[in-house]
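By letter and in written order, the chains are A, B, C, D, E and F; residue numbering begins at 1 in each of them.
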Amino acid sequence: MQKYIEKASVLIEAMPYLNEFHGKTVVIKFGGAAMVDPQIKKSVIRDIAFMKMVGINPVIVHGGGPEINEALKLQKIEPKFVNGLRVTDPNTMKTVETVLSGKINKALVSEFQKNNVSAVGISGKDGLLIEAKKKEGEVDLGLVGDITNINTKIIESLLASDFVPVISPVGSDKEGNTFNINADIAASEITIKLNAAKLIFLTDSNGVLFKEDDENSVISELIPDEIKLLIENGTIKGGMIPKVNYATKAVKNGVNSVHIINGKILHSLLLEIFTKDGIGTIIEEF
Amino acid sequence: MQKYIEKASVLIEAMPYLNEFHGKTVVIKFGGAAMVDPQIKKSVIRDIAFMKMVGINPVIVHGGGPEINEALKLQKIEPKFVNGLRVTDPNTMKTVETVLSGKINKALVSEFQKNNVSAVGISGKDGLLIEAKKKEGEVDLGLVGDITNINTKIIESLLASDFVPVISPVGSDKEGNTFNINADIAASEITIKLNAAKLIFLTDSNGVLFKEDDENSVISELIPDEIKLLIENGTIKGGMIPKVNYATKAVKNGVNSVHIINGKILHSLLLEIFTKDGIGTIIEEF
Amino acid sequence: MQKYIEKASVLIEAMPYLNEFHGKTVVIKFGGAAMVDPQIKKSVIRDIAFMKMVGINPVIVHGGGPEINEALKLQKIEPKFVNGLRVTDPNTMKTVETVLSGKINKALVSEFQKNNVSAVGISGKDGLLIEAKKKEGEVDLGLVGDITNINTKIIESLLASDFVPVISPVGSDKEGNTFNINADIAASEITIKLNAAKLIFLTDSNGVLFKEDDENSVISELIPDEIKLLIENGTIKGGMIPKVNYATKAVKNGVNSVHIINGKILHSLLLEIFTKDGIGTIIEEF
Amino acid sequence: MQKYIEKASVLIEAMPYLNEFHGKTVVIKFGGAAMVDPQIKKSVIRDIAFMKMVGINPVIVHGGGPEINEALKLQKIEPKFVNGLRVTDPNTMKTVETVLSGKINKALVSEFQKNNVSAVGISGKDGLLIEAKKKEGEVDLGLVGDITNINTKIIESLLASDFVPVISPVGSDKEGNTFNINADIAASEITIKLNAAKLIFLTDSNGVLFKEDDENSVISELIPDEIKLLIENGTIKGGMIPKVNYATKAVKNGVNSVHIINGKILHSLLLEIFTKDGIGTIIEEF
Amino acid sequence: MQKYIEKASVLIEAMPYLNEFHGKTVVIKFGGAAMVDPQIKKSVIRDIAFMKMVGINPVIVHGGGPEINEALKLQKIEPKFVNGLRVTDPNTMKTVETVLSGKINKALVSEFQKNNVSAVGISGKDGLLIEAKKKEGEVDLGLVGDITNINTKIIESLLASDFVPVISPVGSDKEGNTFNINADIAASEITIKLNAAKLIFLTDSNGVLFKEDDENSVISELIPDEIKLLIENGTIKGGMIPKVNYATKAVKNGVNSVHIINGKILHSLLLEIFTKDGIGTIIEEF
Amino acid sequence: MQKYIEKASVLIEAMPYLNEFHGKTVVIKFGGAAMVDPQIKKSVIRDIAFMKMVGINPVIVHGGGPEINEALKLQKIEPKFVNGLRVTDPNTMKTVETVLSGKINKALVSEFQKNNVSAVGISGKDGLLIEAKKKEGEVDLGLVGDITNINTKIIESLLASDFVPVISPVGSDKEGNTFNINADIAASEITIKLNAAKLIFLTDSNGVLFKEDDENSVISELIPDEIKLLIENGTIKGGMIPKVNYATKAVKNGVNSVHIINGKILHSLLLEIFTKDGIGTIIEEF
């Protein structure tokens, strides 16, 4: 009997969140360990299936994974990085695109299908979803692209037909040139242009941390001003900086909240959205 | 951490049910102790609010309660019963209708409103929802009515506008005569005519019992043929007989399942619909 | 033959009005003798049925009647008035609500049904139609309420499905507390929020009178400035003052005209709307 | 006061008819004296305007008039008749069409416009409304046509945009040949194909008569079997025979009723439709 | 094989124009020799049929032709002109209207029908499309009208149902008076009010000419400022002046381009719209 | 001038075809040399762009190409064939899918984008478009699949939003297993399920040939019975047999016509659809 009461109370706890997010669009950046470990991947997919079933519209933007490096190695293409950005020559671009859009993207679609969720995998080229141009800068990074426009019509069309869009972060210009797009940026820009309610980054850490190496030192809530301070005083550093910056841009452009959570925790997505404890870091406008 | 995992697993367990009932109409006969005890009433209302929020369309049919007898006593109307049916003279009818439609119905609407659920209280007279005629039979029961037709347009209109209809079981004919209608019958006939997915009777017992006085002897599942046998061999008796008969009629007319559950158990409605254990008795076509 | 020509000329006379009001919403405050005398009540209902049939959308707001005092007397509740306003303690409120929403409202619905008009009786609680709060002031009037908001969604939904809404003037706040609302105010505020074309008060006098006790001294047309003057110079007094004040507010908020007519004259409603003579007082913006 | 009561009673009498015909399509064959006498024409147009305003969809099919013979005379075309049918050579056809579609049709449209009714004049050629072929038979009648198909799309499109269609009875085949079509037949075939509720012939007599020369001997109601008998026994004769035959075909094809009334009686159309006395002859299926 | 390649290249050349005008409305003033020579008329109709089939919405405004003078002569009405404008007394007006709306208009409709294009012929009176008043000025021109308003509802309704509207330039006021309207003005005002993409004048000359009598001296492109200059310096003169003035008004009111082309050149309409050479003069805002 | 007339006549010749196919769906199997030679590929894409612009809905199903063998070689996977069918082990499948869906598919999308046609590349996995199961048979071909169902919802959704769907022939079952699907079969089954008007196979030969090695011996028209005979007597052989068999199945299931044309002829698609000569072989039901 006690078990029943607890079950009911979990459902009842979820109620205000179900109410709040019903019919809303939530963009999820799927990346890191959640893309690699099959167990975690399954759990994330199920969480997204749950969201879909209670009336939320999830939109997935995925990153790459170890398959890209394997494929490059096979082609004997030597990876080259400048300031942490992959220098993308035409051959690299072709391989990256093929693996992203032909392998990783379709594997995610299959996982959704297995959970009775009708997903459609597209790339940023389809319907010219991600319009891009060559990134400018001192160093020539080859086909690394900057987003110039997001055409959301294809996403809106898929959502209207009740599909879950799964997007690989490849962009192109109107002349058909292909560009490598950072998945975090793609996810934030799509969130903004869709006027979505939430953006969730699935990462490998518990959120934004006070102390770099203490996963228990998660900062639960942040506003843009605090982010600025924490970057200045060095608390936020490394790969977390761009993420919180995109988050800042998103909430300043009308997105209700951006969440940085640990994809490796089973059902972290569900808990973040449907329970009052939450998990990870939430970034909101003051 | 363990707590989190349990929370998530309750939600995940609910997933197939959320999926199955999304967009479906479920009729709930609200009666018995659930109408009297304010604590239970609150819990039932919250359960229905939950259903609404995950995309189910609940339709409520309520019975009377002690207020009716109080009002009759106040008017010095002596209750008179024949074979368990209240003989309803015009004065009794007026009092019954006034209390059902003006007091009990509106109090339920207020409870829903408190839970952010937009409810609209109507009676079977509104939009000629429950068309009825005087019950025929050896004994003249006065204004006790038999349903001749259900006009679901008003319910469909309210559902289309996302309201929860709360229905008091008063019927009328086209000449404007008022009839007292049994709430269990009203609920089943409305379920059938709406082509709803489910009908749930909130009662004061744990379901259909093997042994009348052993609340632990609940029969979990029944099909019409078994019901027939159990009535014949006397296992099902008394007030439970009409309920299982309406249930039989409902499942034979396309309703997926009829549930008889104990309204006094907190959140019995939620557990019955969203967990795999269920509670109470489910009646389905074989 | 002469008879035929006269019949035709009445229809032809009605033509411009039929044209003008087709598809328009007209709010009718149903009160006074028209609620008591069954003969008059029938005639008013038929007039409204006529309006419905020629494509006007009538919305009815009804007041109370002698049934309320009877019910209070039965409960031995002593009526208490301050400045003409009923002091409404919780027990009084319960009785008032029960009689308004359970008896008077449903009796009107039955009358419409008899005339083949599909009516739906609701109270201001349904769909939170009349949101209210406790009236402030020097004297504590108990549960007498002031309107804080009108949520017309339920009315619009009923009109869209071709029902005639019949509204009992009970309000509530979001916590589910119940308030007693003046029916004249409820009617005017609903008219304004619905952006209806007309508001008609059915009263027991022939309209606004020049001389209080001369029913033939009706003032046919009034504009807000004249109303102000006539109140200041004492021509308009007593219970007529609030009515003309609500009328002033309505026409200043976009309502085309407010009519004060004698509900006791047979078919006064039809004649006011569909003939060029009119009857009673019409209040319009200059 | 008595006057008021009578006015109201005429309106109340019209109520069931308003209700019955609201939203229905009624085809009116406009011909005879009603096309010639400007006074009568005005009255008929007003009646049709009334119908439009109370929500009926009138469709007008008009015949010719003295203008056709005048125009033929001007061109020195000698009229030639065989069995009462005009032999229509190409020159006659051109003149007939020009007068029907360019003069009579447009004059009717202007009359409607003056009464605030938005009318659109078309011929049976427009949108290939009346598809026809050369009438076969022993005698060659030239361009007299038989209807082979009615394409109601143009009428439905005009009705959907709230216009009154005014149709001149000229037909054509797919090769663009023009044919002279009998207006009574055109009206009946259009009524049938539109699935309209009523067809009304405006004629110069009071209806179907028992005695040819006694305008008071109108037969109020007829069914197809009676028509057959009355033709056989010679009661119905001459030009009335084809009218009652088209009427028979219409009611046997789902048209509720066909009316033959005297267009010369002022407002005969209004009285026939909106009063219980009626005027003229009504033909219905048994 | 060469032939195939040329065929394909014509189609490919048409592609950008097909794309540009798909779903756009194009108004065509049909006049001059194109109305007289049956061969040319056929070719123009086919061109318009082509436009319709590739998804353009053509709207036709036609002028008169020799039939008008023939009809006036028949009636012994002496034509009277003042400053090139026909003095239109009531009898002339009746004849002009009858021939325009009853003969020329319906003949065009038949031509369209023969080409499988569903056309509907209306006049400016229908649906009060062309509202007009008597032209003011020093000389009384009788029933020559000035346009006071264009009510495009009837055109929009016909386009929505996929019909080609064919319009005869007759206007009327709300009192039903008929006015003779210049077809060029009618075409430009309808273009402006419809917010159409293009207006095309089919004339008897190759376009606006540099030298009056040299049909090879066509000016291919003009902007309003140039037009002003060319009128001032006398290059543009006579009947071409009003045409270029209407064109100027049109392009200044949002019409993309106005074309003046030679209707006598076979398929000039097709070539002007679907090939890069064009033909005639195009007038655009700078 | 002669040039103009020829241009116009090509457009006029296209007219009946534009009319016939407007709004129709045409499935194009894109394969063979047309996938390899960049010049031909461009020309095919332009032809399809033309179709889109005149209101046809093209749906593209593409095959593989030399990229697949290159990729397999890179991975040192030895191709293995049984009866002309590739034995597809899991590694081969992964490589085939990646190249088809990630490289060839996205390159086609880019080509469309360059021609201003909004294309969306999907695989048969997306929205479970191509449901498949392991091919049964004597020899185990690994992951070669047979189509069990076509779910056209994703195609219909893309067409409704005006996108051109570009489909890579990979199927999956509900458990998420991936299967290699023959592109010709995929194209025919999709054509049938979409109820499309036409299916066009772009091949490397001029059509079905009378003499295998004489490209001038094309059979212009075939009906299913003739196909049966020509297979039996050995005229049709080799790889053409399955194509004509799918064609037979398609036309027997309601597809109007199937075309086998030479993709290497520039604009063969345009000429086949929009000229009266046609090119290649057309297969229709008798």
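Throughout what follows, a residue touches a chain if its C-beta (ideal position, glycine included) is under 8 Å from a C-beta of that chain, and two chains touch if they have at least 3 such contacts.
If you're wondering where the values come from, they're calculated on a predicted model, not measured in any experiment.
Considering the contact criterion stated above, the chains in touch with chain D and with chain F alike are E. Looking at chain C and chain E, the chains in contact with each of them are D. Pairs D-E and C-D differ in how many C-beta pairs touch across them, and the larger number is found at D-E.
Rounded to whole angstrom units, the spacing between the C-alpha centres of chain E and chain F is 45.
If you average the Cα atoms of chain A and of chain F, the two centres end up 35 Å apart. A straight line joining the Cα centres of chain C and chain F is 70 Å long.
Centres computed as Cα averages put chain A at a distance of 57 Å from chain E. Under the contact definition stated at the top, not a single residue of chain A touches 2 or more other chains. All the chains close into one ring, and from chain D toward chain E their sequence is D, E, F, A, B, C. If you check the complex, the residues on chain B that touch chain A are 4-15, 18-19, 22, 46, 49-50, 53-55, 116, 265-267, 270-271, 274-275, 277, 279. By the touch criterion given at the top, residues 74-75, 94, 97-103, 105-106, 109-111, 113-114, 118-123, 125-128, 153-154, 157-158, 160-161, 163, 170, 172, 174-176, 178 of chain B touch chain C in their complex.
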